[in-house]
Amino acid sequence: MRSFEVKNRTSADDIKSLRLVTAIKTPYLPDGRFDLEAYDALVNRQIENGADGVIVGGTTGEGQLMSWDEHIMLIGHTVNCFGGSIKVIGNTGSNSTREAIHASEQGFAVGMHAALHINPYYGKTSIEGMISHFNCVLSMGPTIIYNVPPRTGQDIPPRVIQTVAQNANLAGVKECVGNDRVVQYTREGIVVWSGNDDQCHDARWNHGATGVISVTSNLVPGLMRELMFEGKNSSLNAKLLPLMDWLFSEPNPIGLNTALAQLGVVRPVFRLPYVPLPKAKREEFVNLVKQIGREHFVGVKDVQVLEDDDFILVSRY
Amino acid sequence: MRSFEVKNRTSADDIKSLRLVTAIKTPYLPDGRFDLEAYDALVNRQIENGADGVIVGGTTGEGQLMSWDEHIMLIGHTVNCFGGSIKVIGNTGSNSTREAIHASEQGFAVGMHAALHINPYYGKTSIEGMISHFNCVLSMGPTIIYNVPPRTGQDIPPRVIQTVAQNANLAGVKECVGNDRVVQYTREGIVVWSGNDDQCHDARWNHGATGVISVTSNLVPGLMRELMFEGKNSSLNAKLLPLMDWLFSEPNPIGLNTALAQLGVVRPVFRLPYVPLPKAKREEFVNLVKQIGREHFVGVKDVQVLEDDDFILVSRY
Amino acid sequence: MRSFEVKNRTSADDIKSLRLVTAIKTPYLPDGRFDLEAYDALVNRQIENGADGVIVGGTTGEGQLMSWDEHIMLIGHTVNCFGGSIKVIGNTGSNSTREAIHASEQGFAVGMHAALHINPYYGKTSIEGMISHFNCVLSMGPTIIYNVPPRTGQDIPPRVIQTVAQNANLAGVKECVGNDRVVQYTREGIVVWSGNDDQCHDARWNHGATGVISVTSNLVPGLMRELMFEGKNSSLNAKLLPLMDWLFSEPNPIGLNTALAQLGVVRPVFRLPYVPLPKAKREEFVNLVKQIGREHFVGVKDVQVLEDDDFILVSRY
Amino acid sequence: MRSFEVKNRTSADDIKSLRLVTAIKTPYLPDGRFDLEAYDALVNRQIENGADGVIVGGTTGEGQLMSWDEHIMLIGHTVNCFGGSIKVIGNTGSNSTREAIHASEQGFAVGMHAALHINPYYGKTSIEGMISHFNCVLSMGPTIIYNVPPRTGQDIPPRVIQTVAQNANLAGVKECVGNDRVVQYTREGIVVWSGNDDQCHDARWNHGATGVISVTSNLVPGLMRELMFEGKNSSLNAKLLPLMDWLFSEPNPIGLNTALAQLGVVRPVFRLPYVPLPKAKREEFVNLVKQIGREHFVGVKDVQVLEDDDFILVSRY
C-alpha cells in the first residue's frame, strides 16, 4: 500500500548511515494528552545538536502507553514538521503481527522514513514464528530490528537476523545484548546500532557499530553527537557514564522523564505505570547536571529538585 | 494541543481565498484498504489542473466508511506528499462532539490546513447544541462549516453561523441550501463555497460565492477550474450540467465511483453500502465523456462500460 | 460466527410479539462514562412496569455518541443482568456496512436477542445499496429495521422492506413515517412498531401495529404499558400527548435527558452535542408531572426545576 | 462504575476457592475471527470435566493478539453462556495502566467474576509504579495477579503482593516463579495458584497452593481435575509430565494450538506470530495421546498428524 511519492522514497541505505538516533521522549499535558509544543522543542534541540534521527514512540517515548491512533498521529506530525531535517523512525512494532502490519502500513503512509520492529514480547513465539513476524512487515520499507531480551523475555538469535537480512529493506539491528553480538553482526556486514548508551562508545569505536539509538541524547544531544562523531573519547565517555547509570537506575524512561521535568523542558506529568524517581535520586540528578555542566543539557531554565507534589500522575487519558 | 511549527501555521485567511476545492475520491484495493498509488495520481491530477485544495475523507471521499485511524492517516499522507502544492482540508467532523474534537486535534497535529465540520447529523441537536458543538472545535484552527440538510436532516440556520463567525478561525461555509442562502452570507461578509456543482457557476459569478467544493472536479478538474476562475461562462456551465445531473442521479459518491472506475483511474472496488450505478447509467456516462471530450477527463485510458462482474463489493475490510 | 448455545437461540418470532419496547436512556457519571448503577435502576423500572424489551444504545440511548466498545459492553451488561427478564435489542446499526456487521456479530456474541438496523444515514446510498447493506447483517439473527427519514435524510421505501422480508430473521420494522405506512405493512403481514409515541395508540389499536418502540416509556412505563396492552384508551392517550409534545420539542433525547435529571433518577450530565432544554421548558415539565401524577413517573424523589449551573456538559470522555 | 446487580456480586472469597482454572484456548475461523462454536465446545468440555473456572484471553487464549473489543466481547459471551456453570476470569491486564483500567471496567460490566492482572511487561516500571498500577484496578472487583518473569522481563517481588494484599479484592496470585515462592505466600495467608503445570501437583499437595491455572487442562481436563482434587498422585503426575514438557517445548500456546488442531476440536488456524510445531513434534504428540489414552483428551475424533499444508496462518484479521 506504500505510496511512490518522492517524499516516501527513503531507502534502507539512507537509514544505514545514521549515527546518532534519539529515542525521543513524549511529553504530556496535565490531562495526559501529548504536549506537542514541548515535543516540538525537544525535536528541535535534537536537530540543532546534530542528531541524525529520532525514534517516535519507542519504549523511551512510551509507545506502549499510546493508542495506535495517537502513535501514528505523532509519527505523522513529526514527519510533517521535521521530516526534512531529521530522519523519522516510527516504532510500529508490536507483539501482535496484525498490529505491527497495520501500524507499519499507516506509519509509512504518513511518511516515516523507517520502521523499528521488536520481536513478539510477552506472548513470545518460536524462531519460525519470529521470522514470519518480521517477514510480514519487511516488505513495506526500511526497517530496524530491535533486540532487547530484558524487556521481551526472548533473545532474537543471530540466525533470525541473518535470515531476514536477505530482504533489502533490513537497515540493521538495534542490539542491546552487548558488544560481542555487535562484533558478530558487523563482521557479517549487518549494520548495528548499540541500544545501550553505556556501551555505545566502545561499540562504535572498537566493535564496528554504526552508532547508537540513545536515551541519554534526549538530555545531552551535543555531547552524544561528539561521542559518536568525533572519534574515540574515553574521557567524555567516562564523564557521561554516571549520568547513564543514573538514567537506568529504574526501568527507562522513569529516569529520563524525571530528568526532563527537572530541567524544565517538559511538564512533570507521568502516564502510569511510570512514576518519578524518589527525591534522593532527583537530588542526585541536579548534582550530575552540575558536574557535567548545565550548558550541555537541553533547556535553559535552572535545573531544580521537584517535590513529590509537583508531579501529576495520570491513569485515564 | 496544536503545534506552533511553521508548517502548521495556515491561517483562516489562507483558506478563505480558495476557489476550487475538490472533495477527493478515496480509491480502494480489492481487499478494501486504501489504494494510495491511485490516490496519489488523483491528487496529482488536481494539482496539475489547478485545484486549490482537497477535502480528504469528505462524504465524497467516504469518510463515513473510514475508521478514524484510516481517516487521520489519509490526511497525514496527503499533507506529507502534497501539502506544499495544495491546501489539505480534513473532514474531521462528526455527529459526536467527542469524535469531532479528537479527530480535529489529530488532523491539525498531522498538518492539515483546515477542518471541515458538519452539524450533528442523524442524532441531531438543538440550536444551542449546534453552537456548543462547533465552539468545541473552532479554537483548533481554520474551519469550514458544512451545511447539507438532505444528508443531516437538519438545516444549520444563519444565526448559528453568525454566532460562530465571531471566532476568527471560521473560514467560511460550504452551503448546499441554495443561492439565496449564499447571497445572504456573502452580504454579511461570510465566505461561502457552493456545495452544489450545478449551482456553483451562478453562486460564484452572480451571488458572491468564493468558489466551490466540488465533486465534478474529480472528473474534469480543468473545466471546473475554468468555470471558477475565468469569468462567467454559461455555455461551459450548460455543457457540464448533464454530467452533474448524471453524477447525482443516486446519492454521491455512487456516480463518481462508477465514473472513475470506467475512466480506468481507480480499481472498480466499492465499499458497501455503495454499489455501482446500473449498466444503463454506465452506458450514459460513456456518452457523456464523448460529448464533453475524453481529453478533459482525468486519466488516459479509453473510457469503457464495465460489466457487473467487473466490480468488487467489499463489506469487511 | 454466532454461537449455538441455548442462551443465544432467541428467534425472530420471540421478537415479533413484543409490544412495549423502551429505547432506554444511557445515564452518565460526571466524567461522561456510563453510570451503570443509574442504568440498572432504569432498566429495573422498565421490568417492574411491564416493558417487554429495551433498545440499548438507540438514538435515545445515544449510541451515536458511544465508541463501539462502550456500546457492545452496554449490550453485554444488559444481557447479563437483565436478559432473563426482558428482551435486549442492541442498536448495532451504522451508516457503515463494515461497522454494522462487526457490531452485530459482537452484539449477538454477547447475547443480545435482536439487532436494530438503520439505513445508511448521512452517507446515504441507492436502493440496491440499502438492500445489500441489510442483507449483510440479516443472516446473523433476529433483526428490526428502523425507518426514520427526518434523521437519516432518506426513506426506506416499502420495496426494500418487502425484499429483505424474505429473510426469516426480519422480525419487523420500527416505522416513523406514519400510520399509512403502518397499515400498508401490517396488511402484508410485516410486523410494525410505531416509532412515534404520539401515534402509537392509534397505530396499535387502529392500524395493526404490534406495539411501540418508545421514548416516553422511559418516564411513564406503567402508563405506556396500559396504552399498549389494555385496549383503546383515548383519554389516556390524550392525557399523555402534552408530555409527548414536550419531549420532542427539541431533537430527542434532549427532552428525555432533561426530564430524567429533574426526576432525580439520573445525574444531570449531558454528553455534547446535547444540552438541556432551557429553563422555561424545564418549568413546563414540572407542571406536566403534576398534571399526570408524580406516581406514574419513574423515581421517588420530588421533581424539581434544575438551574443552568446544575448541569454538567462533557465533551471529552 | 461497577453495577450492583446480583449477577455482578462475586466476591474475592468465591474466587479464592477455585482449584482448577483453565486458561482456555481461543479457536479461530479461517479468516482469523473467533470460532465461537468451537469455543463453546471447549468451554463445555471444561465444565463437564470439572474445571472451576476459565481465564478468557490469557496468554494461552492469545489475549495479546486480540483487539480490546474482541477481548471484552469474548468475556461477555462466556459470561452470558456459561457464567452460571463456571467462573469467568477475564485477562484484562495490560502493560498500559490506561488499558488495564478500561478493560477491567468493561470486563466487570459484562459480568466477569474476576480479573487477571499482569505487571507492566516490556515497558516495565519501578516497584512503586507496579503498586500504583495494581491499585488502579483492584478497587473494581476480585483480582488475581499474575507473575511470570520469563514473559514480562520483571519479577513481581513479594513486597508488591504484600502491599496490594491489603485490598480485600485481591483473590490471590498466579505464580510461575516456583514452589519456594508458593510456600512463602501460602504461609502468609495469600492464596496462590501455580502457573506451571509441571509444578502444580507438588505446589498443591506439598506447598500450600490452592490449585492451578492450567494450560494442560485444555487437553485433559478430567486428569487435571483428578490431579488437583483427589489427593497426592505422583504416578498420575509422572504420567502427565511428558505431555507438559511437549506442550512447552516452544512458547505457549504454540504446542496447545497444534495439539487441539490434531485432536480435531479446533480448526488448524494460527494467528501470527504463532506457527505450528514442526512435523516431528506433531508426530510426538500422537504418541503421547496414545500413551495417556485418547479417551482422556477432549474431542472424539481420531488424533492425527497434520501436514504443513493443513495449517492456515493469518496475519490480517
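A, B, C and D are the chain letters, set down in written order, and residue numbers restart from 1 in every chain.
Note that a residue touches a chain if its C-beta (ideal position, glycine included) is under 8 Å from a C-beta of that chain, and two chains touch if they have at least 3 such contacts.
Everything numeric in this text was worked out from a predicted model, so none of it was measured.
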item: Partner chains that chain A and chain D have in common; value: none
item: Chain centre separation in whole Å, for chain D relative to chain C (CA means); value: 39
item: Separation of mean Cα positions, chain C and chain A [Å, integer]; value: 50
item: Rounded Å distance between chain B and chain C, as computed from the means of their C-alpha atoms; value: 34
item: Those chain pairs that satisfy the touch definition; value: A-B, A-D, B-C, C-D
item: Interfacial residue positions of chain C with respect to chain D in the complex; value: 1-5, 7-8, 29, 33-37, 39-40, 68-70, 72-74, 76-77, 79-83, 105-106, 109-111
item: For the chain D and chain A complex, residues of the former touching the latter; value: 32, 59, 62, 64-65, 95-98, 101-102, 120-126, 128-130, 132-133, 136, 149-154, 250-251, 254, 271-275, 277-278, 313, 315-317
